[in-house]
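So, here's a batch of structures to check.
Look for subunit A in each of the two complexes below; its partner is subunit B in the first and subunit C in the second.
This part shows the complex of A and B:
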């Protein structure tokens, strides 16, 4: 287990990268370091943040979920249909969206665990299914919803951040606490490190594995709700390619794709870095191809930096171990 | 014993699987065309409509319009509608054209996903004796000439349409006001035309263009880009969007920035979701290129040529300015 000062040092490293980006864009553009920029940053990240949070847990157990973007799109679409076509109250539509996310995630988990199919394949299938259902349910149409859903993503006057952002923060904090302070969280890390050892230790890994996928489905549903409320409309194309942004954010945050290591708070920094990069490049007026090149470089660069730091730490540990426990 | 049993079974199992697969394929094939051979219905041409993404409302409306037209004119032609999954998946659209050549349809009416990359396969179709009509996104004139092909085009003038939208918006601004453009995917011909049309209008009205960025035709991408533009240019007066999805995203960014009413928005396509925003004045203008009729015009042109009438020159369809 990582000690508190070391964990703080890791957070500080991520914070450093983020502040570096802020300073860079502050120098390159006229009005980047303003309240308006931070408000719009806080307004745009909730859906990616909650999805990336769930994705962190899935990567920690050594799984992957490619269906998050499609599930987000499906949940948003269902919410739109429920509000615009079925005239259901907003809370019913929201619950429906969350419920569908939960069902999709649970299916991912149950199928991959009980049929022993790699989650990569199962969720690849779900990616197609959910996107298809999103188009079917909306008849491929964007639906304008407007005022019923907008308050959730509208910045609170005087505060500049939206309720959705606060909810996303809450989700991140709860997930980090669950990961590092509960038995469930320890089980996840153990499963990701060595599932066989967990089984031999007399712990059934299946419920925890299914729960993690179900949770990610639920969070994708929540992401769909945030997305719909931010745009004031439901869009069957929503979340296309989101799985890659989410995985990028998680990996920038130092979570291992091989499982067994990861942190939700650092994923959140990964999300911040990606969002800041996008916003900053748009504000500077970079062209579309340039944006993509730079984003790619930053993703790989951040991971190299993390791997390097991780190696240094491991070396530090070894020499420490030699001294105290030969 | 067990070993021999399994070796005996292997070929059996394999052939069973193969037969099953064959049966499935047969079933799949015989379902689509009811008539076994193209010669079964002489005098009743089969027209293949090949679209871009049917997940896009604009193209699904177009396909609906074509199907409706066919059902009222079922005596005069048969229709096969196909679309690709992803707007930019050229390979899939090329495959579709090849399938239609193999099915020996009489005519292909196509909205090409790329104005250059589809030319080669369309030339193969022509050589196979199939009539090709180009709708929506115009094939590149230079490449057509190089390939020595003559394919009639039926579709809207996106540049003129965008100019009209831009002019309607400019009426509410004064010279020198700052505006930005959110364009589509920069490689798409219609997107380029709309951007040029917007720029024409901006120049004519003496407005100051302070930025052009891509929203990739998507709502969320446009919303993010618009938010950045709004914080960079505090005195921005208007954002011109190359389609309505991006206009919707832009409106949400303006709302989040607390600038509703201070920054004007224009779109393109007139999708149904935009109606409430037009009513409220949050979007000033958009253009309707009558997507539901576009494919129909293309099909009608194809039928005329098949009947032996001379090939019409390129045909420009109407684009209407919508302000409320």
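This part shows the complex of A and C:
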């Protein structure tokens, strides 16, 4: 387990990178460091943040989920259909969206665990299935919803941030606590480190593995609800490519793709960095292709930095071990 | 026979990892000769084979091939000199064709394109030499049986003009007709002047195929015999040597009731109706050659592998054990053979590793971990087992082998398992730490736990066990107590299942 001062130092380092980005864009563009930028940032973040949080847990067990963007799109679409076509109450539509996400995630987990298929493949299939269902359910049309869903993404007067942002923070805090303080979290880290050793220690790894995919499905559903409320309409194309942004945010936060190591709080910093980068580049007038090139460079750079820092730590530890144990 | 120049002449070969593995080892091989190499586990056979085939460098000594100095620094250099080893695990790539497998590192090509007609022509010739003329060169290797795959590998070796072939337990996975085919090929190779070093446990096969037999013990050459002049029991006596110092017979044997009884444990091809019992306070050793079913026995009891039949009785009560969770509930713990891959979470802390099997015991009913209780447990067991570490947060990867093993043991003690299964508890551990582990095993027995210990080191078993069972080809062939065991008798029993492999095959 990482000691508290070390953990704080890591958080501070990521905060530093984020502040550095803000300062850089502030210098490049007069209009960047304004309230408008921050409220648009705060508006974009919740759906990516909750998905990236769930993705962190999936990567920690050594899995991956490529279907999150499609599932988010499907959940948003179902919500739109429920509200606009079926005239269901808003809370029913929301629960329906969350339920669909949970089912999709559970299917991912069950299939990959019981048929021993790599999660990469199963979720690749789910990516297609969920997107197809999103188009089918909406007839490939964007549905305008408007006022019933918008309050969730509107800033709370006097507080300046939306209920969605508060809920995302709540999800992040709960997930981090679950990861570092609960039996579930311990199982995830152990499974991601060495599943065979976990099995031989008398722990059945299957329930935790399924649960973590189910949870990510549920969070993708929540992301769909946030996304729908932000736009005031449901769009079957929503969340296209979100899986890549989410994975990028997670690895920028230093979670290992090999499993066994990761932090939800640092993923949140990864989300901040990605969102700020996108907003900032848009502000300084970078073209869409340029934005993508720069974002790609930042992702790879961040991971190289993390790998280098991690090796350095491991080496430092080893020489320390030698000194205390001659 | 006149005395032809030796194909291979080895003089005074020396190699040691922490302990000496080869000591002044001498060996010679004539062209067209099959020279068998026998010895117990750890006698140095594999090390010698690895040195010959360029996989390991010797510390000293000289080797000559046809009078020229030979000191391969890589597998490639050995192959260039005409020396090749057929490994126990085959090196065949199932998805590639037979032809591609045979010529993998020298595919005939033009500008990077494989010239298939040349390749297949050469392959047909190579296959013909090993009696596989009916196999098409384009067959995927995975479509062939184990025996044919082995022949394909041998064909590949011949195609590269090998003069010296090392076969390490070549018949382990073969059926009787396949063995006959292999032997026919060995004879053909002999007639072509190829020298063969044949490493095997199976005395009957050695006597059939070998011209000379060299016995190894503790890295030395003990004796070389003409195959027709020697009987198996003499070879076994030489493998063991004189009985070394043994432990004083126990003051009093364990008197507790049965902690664990195993009845007719069976697992296809690996275990045949294995039955035994361990009492509280007893250390039961299981001896046997590698591959005799020792590890499989422990894993089947623990539920790590599926079994085909047999009953496990814990403290007089029938226990259904289908997976490790069941074993844990029955109070059985396993310290696995490969501690790095099966036992430990290497990058994680000592604390996480120690409490891995007691997570529920360190959490409240809402699943909240009690980290101070975990720290207390970890400290308690690290102190009791004298784990040398900087803190309980230190990753186990940084610990020495002995201390890593103690962490695995601590995990089961924290769980308070009454029955502990140890698979090679001191493998890769230095002598001092070995002693500590031995002491620990005796202490555990003193606390009336029941222990089953599998080890390749007979002396280790004799030092710690109250009783030794011997497994041979998946069957129990003997049981010894301190007053009846000798290294020779145990070794004899370990080879018993391999003495006449044909007969035992017919009875199964």
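Operating definition for what follows: the second predicted complex is superposed on the first by the 324 of 326 C-alpha atoms of A that agree within 3 Å, B and C clash if a C-alpha of one lies under 4 Å from a C-alpha of the other, contacts with A are read in each partner's own complex, and residues count from 1 in each chain.
By our rule, contacts are C-beta pairs under 8 Å (C-beta built on N, C-alpha and C of every residue); 3 or more make two chains touch, one makes a residue touch a chain.
Just so it is clear, the model here is predicted, and its values are computed rather than measured.
Once both complexes are superposed on subunit A, the partners subunit B and subunit C fit side by side without clashing. More residues of subunit A are touched by B (comparison of subunit B with subunit C). Applying the stated contact rule after C-alpha superposition, one finds that A:261 touches subunit C and leaves subunit B untouched. In the superposition on chain A, contact is made by A:283 with subunit B only, not with subunit C. Once the two complexes are overlaid on the shared chain, A:292 sits clear of subunit B and of subunit C alike.
Of the two partner chains, neither subunit B nor subunit C is touched by A:6. In the superposed pair of complexes, A:231 makes contact with subunit B only, with no contact to subunit C. Looking at the shared chain after the overlay, A:144 reaches subunit B, while subunit C stays out of its contact range. Closest CA pair between subunit B and subunit C after superposition: 7 Å apart. Considering their complex, residues 29-32, 34, 36-37, 39-40, 43-44, 135, 139-144, 146, 150, 153-155, 162, 227, 230-233, 235-238, 240, 278-280, 282-283, 285, 287-288 of subunit A touch subunit B. Those residues of subunit B that touch subunit A in the complex are listed here as 54-57, 60, 185-186, 211, 213-214, 216, 218-220, 223-225, 227-234, 244-245, 248-249, 251-253, 255-258, 271-277.
Taken together, the subunit C residues at the contact with subunit A in this complex read 302, 304, 323-325, 327-328, 334, 336, 341-349, 351-352, 356-357, 359-360, 363, 367-369, 371, 388-390, 393-395, 398, 411, 415.
Subunit A contributes residues 1, 3, 181-187, 189-190, 193-194, 196-204, 260-261, 317-318, 320-321, 324-325 to its touches with subunit C in the complex.
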